[in-house]
Amino acid sequence: MHVAPFNIMTLFNEFFKGIVKENPTFRLVLGICPTLAVTTSLDNGLGMGVATTFVLVFSNMFISIVRNIVPKKVRIPIFIVIISTFVTTVELIMAAYVPDIHEALGIFIPLIVVNCIIMGRAEAFASKAQVLPAVADGLGMGIGFTMAVSIISGVREIIGSGTILGYEIMFSGYSPAVIMILPPGAFITMGLILCFFKYMGNLLGRKV
Amino acid sequence: MDGFWPTFTKRTLRPANYMQEIAAMHTEGIETPEKVVLFLQDFCQDFCVKSNDIYEVYVKEGERVLTGQKIGLLLSDSKKLAVHSSISGEVITLGEALHPLGWKAYAITIKSDGKDERAQLRPFEGSGLTSSKEDLLHFLSDMGILIDYGLPEQVSTLLINVTEFEPCFSSKERLVVEEQEKLAKGLEVFLKLFDSAINTIFLLEKRHQHLFSNLRQICSVIKNTDVQVVRRPYPVTLQSLLRERITDGKKTAMIKWPNAVMPNAVMPNAVMIEPSVLVSIYDAYYKGEPFIRQLISVVGSAVKKPLNLWIRCGTTVDYIVDRCGGKTTNVKRLTMGGPLMGVPQHTVDVPVLKRANGISIDVAVLFDDERKSRVYKPTQCIRCGKCVDVCPAKITPNAIVDLIQDRRYEEAIRLGLFSCLECGLCYYVCPSILPLMELMKMGKYRAVGKHTLLTYNYYKML
Amino acid sequence: MEKANLLAIFIAVMITNNVILSQFLGLCAYFGVSDSLRSAFSMGITVTFVIVIASAVSWFLDYYLLIPYHMEFLKTIVFILVIATLVQLIEMFIAKNIPLLQRMLGIYLPLVTTNCAVLGITLVNSNEGFNFIESLVNGLGAGLGYMLAICLMAGIRGRLMFAKVPRAMQGMPINFLIGAMMALAFFGFQGFLIK
Amino acid sequence: MWTVLVGTLILCGCGIVAGVTLVGAARVFAVKTDERVETIEALLPGANCGGCGNPSCYNYAVKLVSGEVEPNRCVLSKQESLQAIGDILGIKVEAALRRAASVCCLGGMVAAKQYEYAGMPSCRVAVLYTLGDRQCQWSCLGFGDCSKMCKFDAIYNKGRSIPFIDADKCTGCGACAAVCPKDLIKILPVGFPYVVCSTKERGKAVSKECPIGCIHCLKCVKGCPEGAIKEIGGIIKIEYSKCIQCYKCVEECPRKILKVLSTVRQEEGATA
Amino acid sequence: MERQSRNLLITSSPPYIKNGETVHCLMFDVIISLVPAALFSIYVFGVRSLWIIFISSMTAVITEGVLQLLFFTKEFNYKTPILSFIKSEDITVTDGSALVTGLLLAFTLPPTVPYWIPIVGTVVAIALGKLAFGGLGYNIFNPALLGRAFLLAAWPVYMTTWLATINADVVTTATPLSMMKEDGQLTPIINLIVGNVSGSIGETSVVALLLGAAYLFYKRTITWHIPVSYIVTVFVFSLVLGMPAFFHVFSGGLILGAFYMATDVVTSPCTPKGRIIFGCGAGIITILIRKYGGYPEGVCYAILIMNAVAPLIDRIKR
């Protein structure tokens, strides 16, 4: 089984690959439910991203720690329990300190449990790697996810309500396209951004 | 830019009877051609191109033959069919020649001596055969007329297809008008093949109402016979489909039955024949004349005037072109069998397709010049469903073609690929100009197995 | 009154606030499994089945265990445990007793574990304070809405198989656009039955 | 304190109940499955190319486990993964010859026409009419049905031409060969000579149809020191088990019809 | 080598005759049939509606042309765009389908919208609704209706401000359907038929629309299945639910939708039975939305939903 050797360069690699090369949202298209559901405004998106990153880092860490004592057959239930513990923690923290974001995200905070990114990283990486790489991976993936969510929510907020983080930024007389903060807008934004990434990928791939 | 700007004319879903003038044309006989090519490996146009491998030759190169002399025998599993010389003259070559259906096949080429001397005629009466079914069948196949479904025991209905599917032919119409007597007597003989009294139905198109009285007269002579006026003409390929159901149960498992094709007429055990077969049967039974002549229609823009012609079997096309006042160099497209379902030819040296089988097609020859043989460029399907509306077999050509292009033949068969009659109407109406019928044909070969086409091919490339 | 309320819940969760098109639950499987009508239908049935059972079981746990002891913050963990166990159980049961169904649903059952629709609906049931019958109806409506959306998607993707979709649009981007358009079409039901 | 205790109790209770139920259920509903299939499937490339004769990699893995087929049937796998599969199955794996597709037609659009084809630009359709518009029955029709099949971009047409095969990218999966209506594409071992013409005619009959076709002079047959080349039924066949790669036949051929199948891109032939 | 002295015949697939109908014909037939309704709207709502129709159709054609040039031509040369536009075989903007989409979209807009609304709507309709799927023949949803649904969701205020007809005294008013929904006020049937009511540009006059539809039936561009089953279902179902049936048939965009939108060949089922199911489904959804939904008008959404169902109908009923 592949075990990443302890090396500062590999750590950086694990960290950065999640941001660009294997960006969980744009490249692997994982965990789309929260990505689409909560990105009606940038602060919601950021909140979701930070919460997911927190869960990712800690669950990766713990799973990596317990990876050798967990029997193979029951690993998934145990991973889920570990993840949901951290999710509950995050939920309680958010309810205490940022209640309005907690309110806005609604059931999508507990639903971080079933976010494919976290389960996927736990299964594909953390259960096979040492603690530090696993943390680096979780952090990278989390930041990649946060970036993706911020981009989507930024676009949706600018077009859909003409604001960014609540400040008016569009020219006067701009009438916001309400559809962008409604469900179809989420699908359209995501589809077009994915299309853009794929188009750029094709373009770059052809040159190389 | 034809078809670019809209015109206010109404678009038809079926080709109108273009070239009306040929309908009034009386049939003409053709004098003996200089040479005829008679195949000993014959094919019938069917779902697949089939050939018989075994044949017997009764003549040698350089030998002199008489008109109507038996010169060979075609054999396949259980069927045999005699081939007769259609002119008198000298056998010049024995060997491969190009068959109108595209392959090279073993043929006898006879050069005419211009005398047209007849061999002895052998009508049924004097042949010493008993009047049993087997003997009659044997007699007919010896005369070059093949009843392809053998001894039709299960057949309960006989359909005689007087409808003209191809838009520009009128040979059947002329046959009914001019040879009414022969039709009636030929039918009488044909019915002797069946054990019990069976129903005979003449299928007549609405636009051919004027033939109704002629057919009624035939009906008054023969029992259990009726004329039915139908809305749509039936393509000749429906015959093969019906025959397939009688003779080969296994193969028909692949065919989704076009139950809506003929609302009243399709019974489980119906077979269909062309009226011209009855005329040939009359000639053979009463006069003893073997199958050596056939009626064809010649139309097209490269021909000076359209004609209905009686020709000798095996006449080559270039002779007919000359006879109809055309120039072979003007011919840009040659089709054997009409503008909807014909077989494209790539040279004018081929003989006219022989209508030897009881089920085969009525032949017409279509010449086009450069102007008429323009090719449209296909665009993509817009799913207008016009092909579905016109399809006589009630299948969905657009969906099937999609599946074929995706190589999902199983699903295509489930949607009724094999009940496609290859009538060409889908292409006729398609606004996207997709060659639907061509693709269906390709799909049939590929669905049966990649090498079907090649194994039926004379060259046997495998 | 009671019946009208149930109908309103059912219609709301099935069509007006369709679980996929408006609540964004269970999108991974929605895009992943909708490539053929057969598998989409199987997935729809599986999800419906699991959601209904999970709604029932989680309602009992919620009502008799968590609420009396004020342990609502443990909802997430308990519910996901229940769902994971349930899916495993169903899978084993089907594998043993109904092999035909197993062949049809086999690969989709594990997918249901991580399907947010199941957990989402149980959480909604609990948050909204639905009673037992309401929970069941909510679960059934959600499952059927899921099935509706995924079957429509499968039909559309079956047709798209023959389309010349531009290269950059192929795969996920076009799926998202179809999702957008279906969501747009389902907008027509907004305010449905609400008087 | 009370909260922590109750919470822990509830969680443990749930966990224990769930665990016990699952263990019990696993006992009751035990069904035997072979784990090796999954492991082997993970080792296979997962391209589902069909090169091994199975519809998908999964089916191939099932057959491997049941011992019906040899592991070296997979043309895409690297040697290491083949070895790993062999280790799992406990059998020894021999290296497979690297194979690539090659079009066995040299003339193509150079061959004389017999009619103007104006139908659908697809080989499979064009072949319905007298096996295509060329006089030579064994000529490539060049509409590129095969290149549309390739999953690896290894085969492509330039307009209407004989397809070019990039043997580097070619995996020898045979998708192109399956679609060719004339069977002109063959999957042959790389580094061996092969005959780039499929005609069964000989001598003048060939020259009339195609100026560069094989005229069956049989110099290659005579020139082969191992007797690996034979003419069977009008086709020149090379027995690759006997071939020692001396390339004498390639030198002997007066029309340069025998070529060596190399991993270098085949040079571009004549186009229409 | 190729030029031989022998006369080479041309060989292609057997049907050698065609009824001469092409995609251009179908599309231009639709355009011709839309002319009476367009003229009527210009007469009733003034030049403004002419401008909206013009902007919308021009944007549609330009969008389709530019996008096809950029993304659909195989060898696009940036230096000579016009040359590659003419030379390319992949550009099908001349088939008139974009024009139809633009026209139909304009027909569904209120005459009061600002001029940028049709531009945005048409770009969305053509780019997302049609070209993203690969162009004409592959789109799943009717592009024009998609554009309208997008606009209605994005800018509901602009999309629901209506202009009164020239005969009325007031400038802005409500459509018959919203008057019905909000106040229960019935508009006289004769006004609905002639078109003396407020509404979208092209949907008001039943007479003008039926005139165009008659032309389409004469040319066999559309079949009877969808319009008849749609309208009959709306009539019967509204009677069943106790609503004024004639009012519902003639009001709103039902006639426009039934004859021009639902019959869009690409997005409707291609078998007769399937078309009838399609029409019935659309009719039921229309009435359900009008009776129970939040919107006064349901034709647009009903057809869009049935568009999504059409592939399934095709799968089952072929």
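All chains are identified by letter, namely A, B, C, D and E, in their written order; residue positions are counted from 1 within each chain.
FYI, a residue touches a chain if its C-beta (ideal position, glycine included) is under 8 Å from a C-beta of that chain, and two chains touch if they have at least 3 such contacts.
Owing to the predicted nature of the structure, the values given are computational and were not obtained by experimental measurement.
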**Asked** Going by the average position of its CA atoms, which chain sits the greatest distance from chain C?
**Response** B
**Message:** Once every inter-chain C-beta contact is counted, which two chains account for the most?
**Reply:** B-E
**Fill in**
In terms of mean CA position, the chain most removed from chain A is B
**Message:** For chain A versus chain C, what separation do you get between their C-alpha means, in angstrom?
**Reply:** 22
**Message:** Averaging over Cα atoms per chain, report the distance between chain C and chain D in Å.
**Reply:** 43
**Prompt:** For chain B and chain C, what's the span in angstrom between their mean Cα positions?
**Reply:** 59
**Prompt:** From the C-alpha centre of chain A to that of chain B, how far is it in Å?
**Reply:** 69
**Fill in**
Note: chain C residues in touch with at least two other chains are 74, 77, 81, 84-85, 162, 164, 168-169, 173-174, 177, 180-181, 184, 187
**Message:** For chain D, give me the residues that contact two or more of the other chains.
**Reply:** 15, 18, 114-115, 118-120, 125, 129-130, 133
**Fill in**
Where chain A touches two or more other chains simultaneously, the residues are 77, 81, 179, 182, 184, 188
**Request:** Spell out the residues on chain C that touch chain A in their complex, using ranges where they run on.
**Result:** 21-28, 31, 73-77, 80-81, 84-85, 113-116, 119-120, 123-124, 127, 167-177, 179-181, 183-184, 187
**Item:** List of chain D residues in touch with chain B within their complex
**Value:** 114-115, 118-120, 122, 124-125, 127-131, 133, 137-138, 178-179, 181-183, 200
**Request:** Sort out for me which residues of chain E touch chain C in the complex.
**Result:** 71-72, 128-129, 131-135, 137-138, 140-141, 146, 149-150, 153, 285, 288-289, 292-295, 298, 300-302, 304-305, 307-312, 314-315
**Request:** Could you pull out which chain E residues touch chain D in their complex?
**Result:** 1-2, 4, 8-13
**Fill in**
Contacts from chain D onto chain E in the complex sit at residues 110, 112-120, 125, 129-130, 133
